[in-house]
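Two complexes follow with chain A in common, the first pairing it with chain B and the second with chain C.
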Partner chain A sequence: MSDSDTALREDFLVLENVEQHFDLGRALLTRESKGVVKAVDGISLTIREGEILGIVGESGCGKTTLSRTIMQLIRPTSGRIFLEGKELSALSDADIRAERINFQMIFQDPYASLNPRLTVFTTISEAIRTRHPDVRGEALRGRVIELLRTVGLNPAQMNRYPHEFSGGQRQRVAIARALAPEPKLVIADEPVSALDVSIQSQILNLLKRLSREMGLTMIFVSHDLSVVRYIADRIAVMYRGRIIELGRAETIVDDPRHIYTKALMSAIPQPDPRAERTRERILLEDEPPGADKSPGKDVEDDLEEVTPGHLVSTRPFERRVKEAEAPAQ
Partner chain B sequence: MSRSADIVAGAEQRLAAAPVPEEFEKGTSLWEDAWHRLQRNRLAMISLFVFSAIVLFCVIGPFLSPYDAEAQDLLKGAQGPSAEHWFGTDTLGRDLMVRTMEGGRISLLVGLIATLVALAIGVVYGATAGYLGGKVDATMMRIVDTLYALPFTIFVILLMVAFGRSLWLIFVAIGAVEWLSMARIVRAGVIGLKKQEFVEAAVSLGYSHTRIIVRHLIPNVLGPVIVIATLTVPAVMLLEAFLSFLGLGVQPPNASWGVLINEGQQNMEIFPWLLMFPAFFFALTLFTLNFLGDGLRDALDPKSAKD
Partner chain C sequence: MPLLDVRNLTTSFHLRSGVVRAAQNISLQLDRGETLGIVGESGSGKSVTCYSIMRLIPQPPGRIESGEVLFDGQDLLQVSEAQMRDIRGTKISMIFQDPMTSLNPYLRISTQMIEAIRVHEKMDEKQALSKAITALEEVGIPDAASRVRSYPHEFSGGMRQRVMIAIALINDPDLLIADEPTTALDVTVQAQVLDIIKERQQRLGTAVILVTHDLGVVAGTCDKVQVMYAGQVVESGAVDQIFYEPQHAYTQSLQKAIPSLGEKNEALYTITGTPPDLAKPISGCAFYPRCPYPKIKGEEGDPPQLVERADGHCVRECGHCDRSKPIESVLAQEVTEAAE
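Entry: the complex of A and B
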């Protein structure tokens, strides 16, 4: 690789107060605003080159919207996004197209993320040619074969169509396609949640290995904290469009500070049956009604550094603990 | 993570070290799958065979026949089927078999060309509207709605009055009407598809709008479109027959099946063969195309197939 190996950028990907608000429009007769959904509500993050950042949160917390916003599939309502110092959020639609080969996405559903009419070879070779438009013929074929091997697929099957593969194999094809343009940043949005548990670990290991070998920077989005803690160097916990806790994976897992993170942690089953029986369970009350239309502008930076690199939200958390007990047995 | 993961990692490494494969497996595309399913549908395959036979009959027939479609022989006017004239002759002594073939050429040509025109316009228009969405989509579809509201017959009569009668005008007139439903179908399909992750993946790779529409969206809505197109051909042929029946369509001495049927019905009680032969071929063509369209629908969308 290049000299980037020696000097890894600290500010590889920078998000500055990124917001993604969806206007629900106006009521038909009264013309009253139906409100605004703040899917991403002021997120600031700095991601180091080569690190894997895990983003966890319940469904609807905005983690998928955040990844699509970073991917510039939806342009942010406000805030700025920099990749290697270049402000993506300021580029025009035409300029962003040329930039896209540098950041790729692995999607959730391998049954929907591959064009059913194209062979694996076509899908991947076209993705390779986004960066190397002049490569064709034998050279192109060689690259496709190499890439398929890297993701653990049999190149002899490259003339097959997506429907002739299993879910795990399709996800490998999708990973190969994401790697084909030689991106610097890969965003994996729930890449294993559509797969069987036995396949999940294979894909996780593959992603982990690839990011190490290729020096990829990765954002790994999942609702499953046990998956994220396995793969991620740092974990950001999202709740209702904001980050409420951020820190090194071990810190978040061993020493969660925010009550929401603690509740998430307590939901992970333990492999050891004895530990599982004595596991502490924290259940939170349901969200108060109408909480999704919080009016007014919030405090911009509410994260407090409790220990170096470990940030916890200081905002009042509206959900109370319903139950915190170690089931006696 | 676990032993099984180690085993898989080991397998991955072995795979990475393997030599370049000698042979590549052949994949089966969705089109090939559909073709295999269609081949198992007996009614559709018979229809395909019969339809091809009719097309061959009409296209090649006139070259093999000793008679000219426009050659009149008034001494042999309105004779029934015989060894000399298999389908008999019309009131002007023209060989009905050659006239049926020539009429079939025109009817099929109208059917195919008008459908292709409708297909081309409808697919491009519908895909563009569906893909771009928003105000562009709304405007484009309101135009379609407006055109839909025009009464077809009056539209054609106006065209004929304004531009005179010609075969090309029939293509234009019918094509201009038929593309509307095609556009709606394609638009609906594209709107459903563009939320799919493979389209987002194509956007992520920086592909142009044109490329995404042509390569990723259109091929995936083509299934229902092909079905509709197959069912549009007979509909268009009926329209043409209807226009010709009204005297607005193909003009003598040219004949389409519609013209022949019109001539035939005038003498239906005295010279029934004049109606029977063209009507038989016309009906047979419509039947086979409809069966073929149904078969294609089941083959291209196996989920909708009813058992």
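Entry: the complex of A and C
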């Protein structure tokens, strides 16, 4: 990716042909291989420092696996990953743990990602002290209060437990915890899909401001294209473990080239009743059964640059368009 | 006579820390075949309203203080618990947000569906099973005859939500209450799920209450909209009235806060502050502290009343803010405030 921005490191995070395959094992009697799920199937990417990269795609497309692979929560099957020139995929498990302070994740499900037996104060102060082990007492309390305010929570509630909060509030606690160790890279996996619009806009503004002021680099995984378009500098559209379209956020949303991207875009309801009554939908036929598990032939580097910085997959796409359909009203 | 006529429904929770007025004086009407959208942020009383209609409020600490829920002319708040059990599932059904937690992970889909059918209908297991399979086919689950034997974890999120819809609609209810039915789903799956609900509604004339915070979904699905804030209805009307002539400052703020596909501004409009604590009595307008309009009078005063205008558009107007100024005039300052 060439961009004129030179002040920040261009090759902050580099992925080289990263693959993450899950072997399904062998059948009990015949010992035949049940196949391999190629959750991430050859992804190469370069992310600039301070950039927000949006990853969109349906569930099962590999976006979550990709983000977990980048953080080395699962080691890639093949390919290399560099953060600031340091090869993460070559580090030992112990070194990775020390490195992980630099990347934090905001998970999809705040119900599962917060410890139900810790108060919000304990959760956040623990996260702060991973980077600043010496902060305690009033200073620690002050930081927790500040973080809670930034994410729109009432600091008076900091001695409560996660179950006492609503889903939206819980996600804000999770975001505060992710921001607490001042990470270099934040992977946000659907961080706002469960939030109210009013809170959502606060969180989006907050994340954008943090990326600007702290030089925070972020991978923002979401299925909501309007949110990704707003927050991201570039968008990568994933389908079955591969990137099928990549480019500037506005370009991808306003001028999608791949039929899959177009279909995805057409499924988004607009907050405009009149536009909704005439919204054209592009429906794709279901994919051929078993296609996701078949070994398939590797096609090298299949992204073609249609306009500068806008890459579209040239692989044959096996799903045909059903008829274009206006919504039932 | 409307199918559902809720009048001045008030539900509170009596906690040790005080009385939380979760839903105050809620009124709504719904005809057969109509869809009502309830929007508002978490804690605004959307779900409490629905649970009160279903009489699913845990009592104690909850208590339905007053009001009437006239369903087909019968006040649901007066019927016995046994009668209510009979109404739930046959006449009124509910779909919940998270299909993961509302299906029992230990039981096959077939077991759960057969149970739902046989609670309400005298039927042997075989008949119930074939009814379950038909219901699954109707919501577009391929190969339903064999998939019905699966466990919930073998289904994707969208499939699970379709199973929930199939269970909810299996007895052809007159009213379907869907509490954030598509929030956890992909946009493509969301479109499919909404299509299934719409299709059933057109075919059988089911009335639908759709609780959501996604204004896009509301625009595409609902006939009427009710905007809730702090346990009160602040605005209600036809979908076009709410979207094109929003009157209440809260409705206007909500719409401005959506990142639209059209523009990519520097900062999104945000509603500053947090919703009021419902355990404390609210004097005056509940939205006053967060209102984006210039304030001309103090907070104190009588709580504004919900006033119905000639065209059916209801608004809870307060005279404490200068509504003549455009909302943008305070936008820049609000945004920097929020950023601090």
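In this section, the second predicted complex is superposed on the first by the 298 of 329 C-alpha atoms of A that agree within 3 Å, B and C clash if a C-alpha of one lies under 4 Å from a C-alpha of the other, contacts with A are read in each partner's own complex, and residues count from 1 in each chain.
Operating definition for what follows: a residue touches a chain if its C-beta (ideal position, glycine included) is under 8 Å from a C-beta of that chain, and two chains touch if they have at least 3 such contacts.
Being a predicted model, the structure only gives us computed values, none of them experimental.
> Report for A:Ala98: first if it touches chain B alone, second if chain C alone, otherwise both or neither.
Once the two structures are laid over each other on A, A:Ala98 reaches chain B alone.
> Examine A:Asn154 and indicate which partner it touches, taking first as chain B and second as chain C; both and neither are also allowed.
Touch status of A:Asn154: both partners.
> Just checking: does A:Arg117 make contact with chain B only, chain C only, both, or neither of them? Give me first, second, both or neither.
After superposition on chain A, A:Arg117 lies in contact with chain B alone.
> Which partner does A:Thr307 reach: the first (chain B), the second (chain C), both, or neither?
neither
> In the overlay, answer first, second, both or neither for which of chain B and chain C A:Ser33 touches.
The answer is neither, since A:Ser33 touches no partner chain.
> Touch test for A:Met71: chain B only (first), chain C only (second), both, or neither?
Touch partner of A:Met71: chain B, not chain C.
> Does the superposition put A:Glu58 against chain B (first), chain C (second), both, or neither?
Once the two structures are laid over each other on A, A:Glu58 reaches chain C alone.
> Does the superposition put A:Pro269 against chain B (first), chain C (second), both, or neither?
second
> Please indicate which partner A:Phe107 is in contact with in the superposed arrangement: first for chain B, second for chain C, both, or neither.
The first partner, chain B, only.
> Show which residues of chain A both chain B and chain C reach, each in its own complex.
Residues 152-154, 198, 201-202, 204-205, 209, 230 of chain A touch both chain B and chain C.
> Help me check something: in the complex, which residues belonging to chain C touch chain A?
41-43, 156-158, 183-184, 186-191, 194-195, 198-199, 202, 213-221, 239-240, 243-244, 253-255, 257-261, 264, 267-271, 274, 335, 338-339
> Once bound in the complex, which stretches of chain A touch chain C?
Going through chain A, the ones touching chain C are 58-60, 152-154, 166-169, 193-194, 196-202, 204-205, 208-209, 223-227, 229-231, 249-250, 253-254, 263-264, 267-276, 279, 281, 327-329.
> Can you tell me which positions in chain A touch chain B when the two form their complex?
68, 71, 73, 97-101, 103-105, 107-109, 112-120, 126-127, 130, 142, 145, 149-150, 152-161, 163-164, 174, 177, 181, 198, 201-202, 204-206, 209, 230
> Which positions of chain B touch chain A when the two form their complex?
1-2, 4-5, 8-9, 11-12, 15-16, 18, 20-21, 23-30, 196-198, 200-208, 215-216, 219-220
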